[in-house]
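Got some structures for you, see below.
You will see two complexes here that share subunit A, one where it goes with subunit B and one where it goes with subunit C.
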Partner chain A sequence: MNAIVAIARGTFREAVRDRVLFLVVGFGVISLGLSRLLSPIALGEGERVTVDLGLSALGLLGIAIIALVGTNLVHKEIERRTIHVVLSRPVSRTSYLVGKWAGLSLTMAVAVGAMGGILLAVAVSVRGPGAVGPVAQAVLLIILSNTLLAALAVLFSSLSTPILSVVYTLGLYATGYWTNDLRDFAAAMPGGLGGLVRGVSFVIPNLELFNLRPQVAHLQTAPTMQLALAFGYAAAYAAAALALAVVAFERRELK
Partner chain B sequence: MKLLREADRRNWRTIVLALAVAAVAGTAAVAQARFATKALPRPEPLGELTYYPSGAWLSQSAMGDATAWSDLLWLRAVQYYGMHRQTDNTFVQMAHVFDIITSLDPHFQSAYVFGGTSLCQEAHQFDKGVLLLEKGSRNNPRAWIYPFELGFVHYLGKRNLTRATFDFAQAARQPDSPDYCERFAAWSGQRAGYELVSFELWRQVAETTQNAVLRDKAIEHMRQLAKGTPEARTLEIWARSLPPLQGGVSDKISPWGDS
Partner chain C sequence: MISSLGQDWKAAQTPGNWPHGGRPDSGRPAVQVEALGKDFRHPMTQRLKTAVHEVSFDVPEGGVFGLLGPNGAGKTTTLRMLLGLLPATRGQAWLLGRPAGPPESRQDVGFLPENPYFYDHLTALEFLEFSGELAGLPRAGARIQAHELIERVGLTHAANTRMRRYSKGMLQRAGLAHALMGRPRLLFLDEPMSGLDPIGRREVVDLIRDLKQQGTTVVFSSHILHDVEVLCDRIAILRAGRLLASGTLDALLAHKGTGAELVVRPRGSLALPPEFLGVTIETLGAGTRLWIEDGTRASALVARLAGQGHEIVSLTPERQSLEDLFMGMFEGAHDVGGDPERSLNEERRAQQ
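Moving on to the complex of A and B:
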């Protein structure tokens, strides 16, 4: 456990020093500002557009951190051979990967959480105190969905090159919002193909479960069951992805 | 040697344990996803678009991919139509959404025709349906299909034979217009039997569309018109002779019904 915490802390420090993170956070701040600037041309829907585009910017910020920082985590250490220094200590490969995931998730959670705080303040100022619950829930679920994606990034990072890892992670991020549609398409497809597509739709991360943007637009909070399911699903999915990453990493020859 | 074997055994133990964790956690994740699909309310298709002021606004943000976005929205719009057709039969967002789709792609014929006729008939938003078809006509002035559909909805929806005659005649004047445009203009102008002309209009739709939902709708209207007449039996034989299309109301509203 100590090893996991130490590696997570190291990963967090390393990510915070990374210039990419500053670029991504800068982009997030600009997006938030732009969403506010757009409101005068939104024909009376400015407040709603500000909050919703702000949440979209937060989601993008999270996935950008994971794609740009996370997919390079393991590969960079193998390339620089610093991984040998770490693994020569009493640190198992499992602890190493879980630590990397925890550090990456922490980095993302701090960045998204900080931006979420700014968005919350903006939301309260434009839509009143009724926005606190819906926006806070939406930010929390964005962080949760990104911890799941961070586990996938670590899995791909331990299997493949950084560029391919980015492609795989972003691909799953994009299709993750289409799982419901995939199931509808599967229902209209002939037997075997329909079954296959339906099966795939359950393997792809169901990111729609974490999407509260439509509710926030109407200042509604999510049902408790959805929040509980989102927590449980993120935990189970991340555990499965990390376990597969461990299998791949244990078998990998480190030269 | 012994040390190496021991390390190897530990390695395999970790792999087997990790695989077991992956299997259990993966099963739990799939089970929760399945449960969520059943237990949680489905997000409203197109709900996310309700606050976009207009398609023009959206096309600015599409950054060169406006047609791809219009395709994606078309898929969502068909889902929206299917969902409400099977449940409450109210189509509050439809006019707005089809306006967005056709602003993103001003030449998207299926969106104008399907959206316009559905708004006039199922959604009971005649004026908005006509506006959509007129927008199609404005953006595609040499296309016969839009004045023809305008004549169609005015004839069947409002029994406005004067306007319908004008629209059918407009359609007949366009290049590549089929013969039946002129025929319908003549029938409508001569005030031919309303049921007969309606039946023929729907037959034309059923025979020419590639959209399974539209064909099902046309056949249903023809059945109603032919009810209790000797043609009812012939109609069923004729309907069975039509080449099959994918999807349709009869075998679930399908997102694959695009023409």
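Moving on to the complex of A and C:
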């Protein structure tokens, strides 16, 4: 456990001092500012649009951190052989991957959380105190969905090159919001093909589970059941992705 | 400058102060390697290439062991197999009595990789704390030890500088400090002098000697023969993944077939019998120096001369340098004492 905490802390320190993270967070702040500027042209829906665009910007910020920092995480260490420094200690490869995932998730959570705090202040100023609960829940689920994507990024990074890892991670992020539609398509397809597409729709992370923007638009909080389901799903999916990464990584030769 | 640490460090290095309470496995070699081998598959052609053939050697506790060979000999691959970074294709090994490979085998083990490259955005102090925690130290203990080692390797002035600003030599020093975090009983150093200037190299030599005095077993790979000759008690020589020889440096350098120098103080005239006609004689003031090409006949000559009443001052078998041995082996000119694995087995039987 000590090793996991140490690796997570090291990963976090490395990431927050990297210029890439500053660029991503800078982009996030600009996006939030733009969403506020765009509100006057939203035909009376300005307040709603501000918060909605802000939540979208937070989601993009999270996935940008995962893609730019996370997909390079393990691969870079193998290339530079810094991984030898870690694994020549009494540290298992499982602890290493879990530590990397935890460090990446922490980096993303701090950045998204900080931006979420700004968004919360903006939301309260434009929509009143009733926005606190719904917006806080929405930010929390964005963080949660990104921990799941971080596990996928660690999986891809431990198996593939950074570029391919970015492609795979972004691909799953994009399709993750269409899993329900994919199941509808599958139902309309002939037998075998329909079954295959339906199967694929269960492998792709169901990111729609983490989308609370419709509730935020109506200033409604999500039912506890939905939150619990999202937590359970994220935990199970991240655990499965990390378990796969461990199985593959255990056999990897660190030349 | 790499300086000696204070009493705390030395006290901690004494066997009674080891964190796990003494050395339950003392008496066993620190490293045992039996028929260890590694094949790599070419990613495109899928053809197997053997990087290390069946290699066997022992490293006794408390000594300095040199893994010697030219580039591509398999030194680094062997070290990586021992540390569990690469799975062995065949054979087995033990570190401090534990089977090599699983994380537990690396308890009490330190490693300096070749051309170390660390985390750009961490300072040396942060990195060493991190390394200490990985070695199982509590955070506060890791911090104290990190400060001690930073001083020991001469990086105090740059302790809080991010390592991306470090020169190659500074990275090497940080790497050495990393390897020493947790006060390991067994230390693997892959080309530890690489990237260091002559002063830095001298400091590393002194450091390794200090560690040896404190009872740490040091295994280091190098292709710099002088470093090996100066530091090692035992060596293993690898070429193209095969073990050419292993054993004590003394035994390997004083191997059969070389000559011997005999110095005598003659009592009367020095008359050599006919069977020693090839011996060269040189007068040295009061004494006489005799050189015999075949050192195995030296004792017969000594007996003969002593029998004639001459005073024997000294008999020195010719000791070749490590460079002579190494170059000879690589030119295929020398027999280096037979089958090294057979030698090892004989050595083990003798120990039993």
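Remarks
Just so we're on the same page, the second predicted complex is superposed on the first by the 255 of 255 C-alpha atoms of A that agree within 3 Å, B and C clash if a C-alpha of one lies under 4 Å from a C-alpha of the other, contacts with A are read in each partner's own complex, and residues count from 1 in each chain.
Keep this in mind: a contact is a pair of C-beta atoms (placed from the backbone, for glycine too) under 8 Å apart; a residue touches a chain by one contact, two chains touch by 3 or more.
Every value quoted in this text rests on a predicted model; they were computed, and no experiment measured them.
In the superposition on chain A, A:216 contacts neither subunit B nor subunit C.
Applying the stated contact rule after C-alpha superposition, one finds that A:55 touches neither subunit B nor subunit C. When the shared chain is aligned, subunit C comes close enough to touch A:253, but subunit B does not. Which of subunit B and subunit C touches more residues of subunit A is settled by the count: it is B. By the document's definition of touching, both partners, subunit B and subunit C, reach A:92. When both complexes are aligned on chain A by C-alpha atoms, subunit A residues 92, 251 touch subunit B in the first and subunit C in the second.
For subunit C in complex with subunit A, the residues that touch the partner chain are 40, 80, 83-87, 103-107, 109-111, 113, 116-122, 126, 130-131, 133-136, 138, 162, 178, 182, 188.
Put simply, subunit A touches subunit B in their complex at residues 41-43, 45, 48-49, 52, 92-94, 179-181, 183-185, 187-188, 202-203, 206, 208-209, 211, 213-214, 217, 223, 225-226, 229, 232-233, 236-237, 239-240, 243-244, 246-247, 250-251. Subunit B contributes residues 11, 14-15, 18-19, 21-22, 25-26, 28-30, 32-37, 39-40, 42-44, 47-48, 50-51, 53-54, 57, 75-76, 79, 246-247, 252, 254-256 to its touches with subunit A in the complex. Across the complex, subunit A meets subunit C through its residues 2-3, 5-7, 9-10, 13-14, 17-18, 80-82, 84-92, 95, 251, 253-255.
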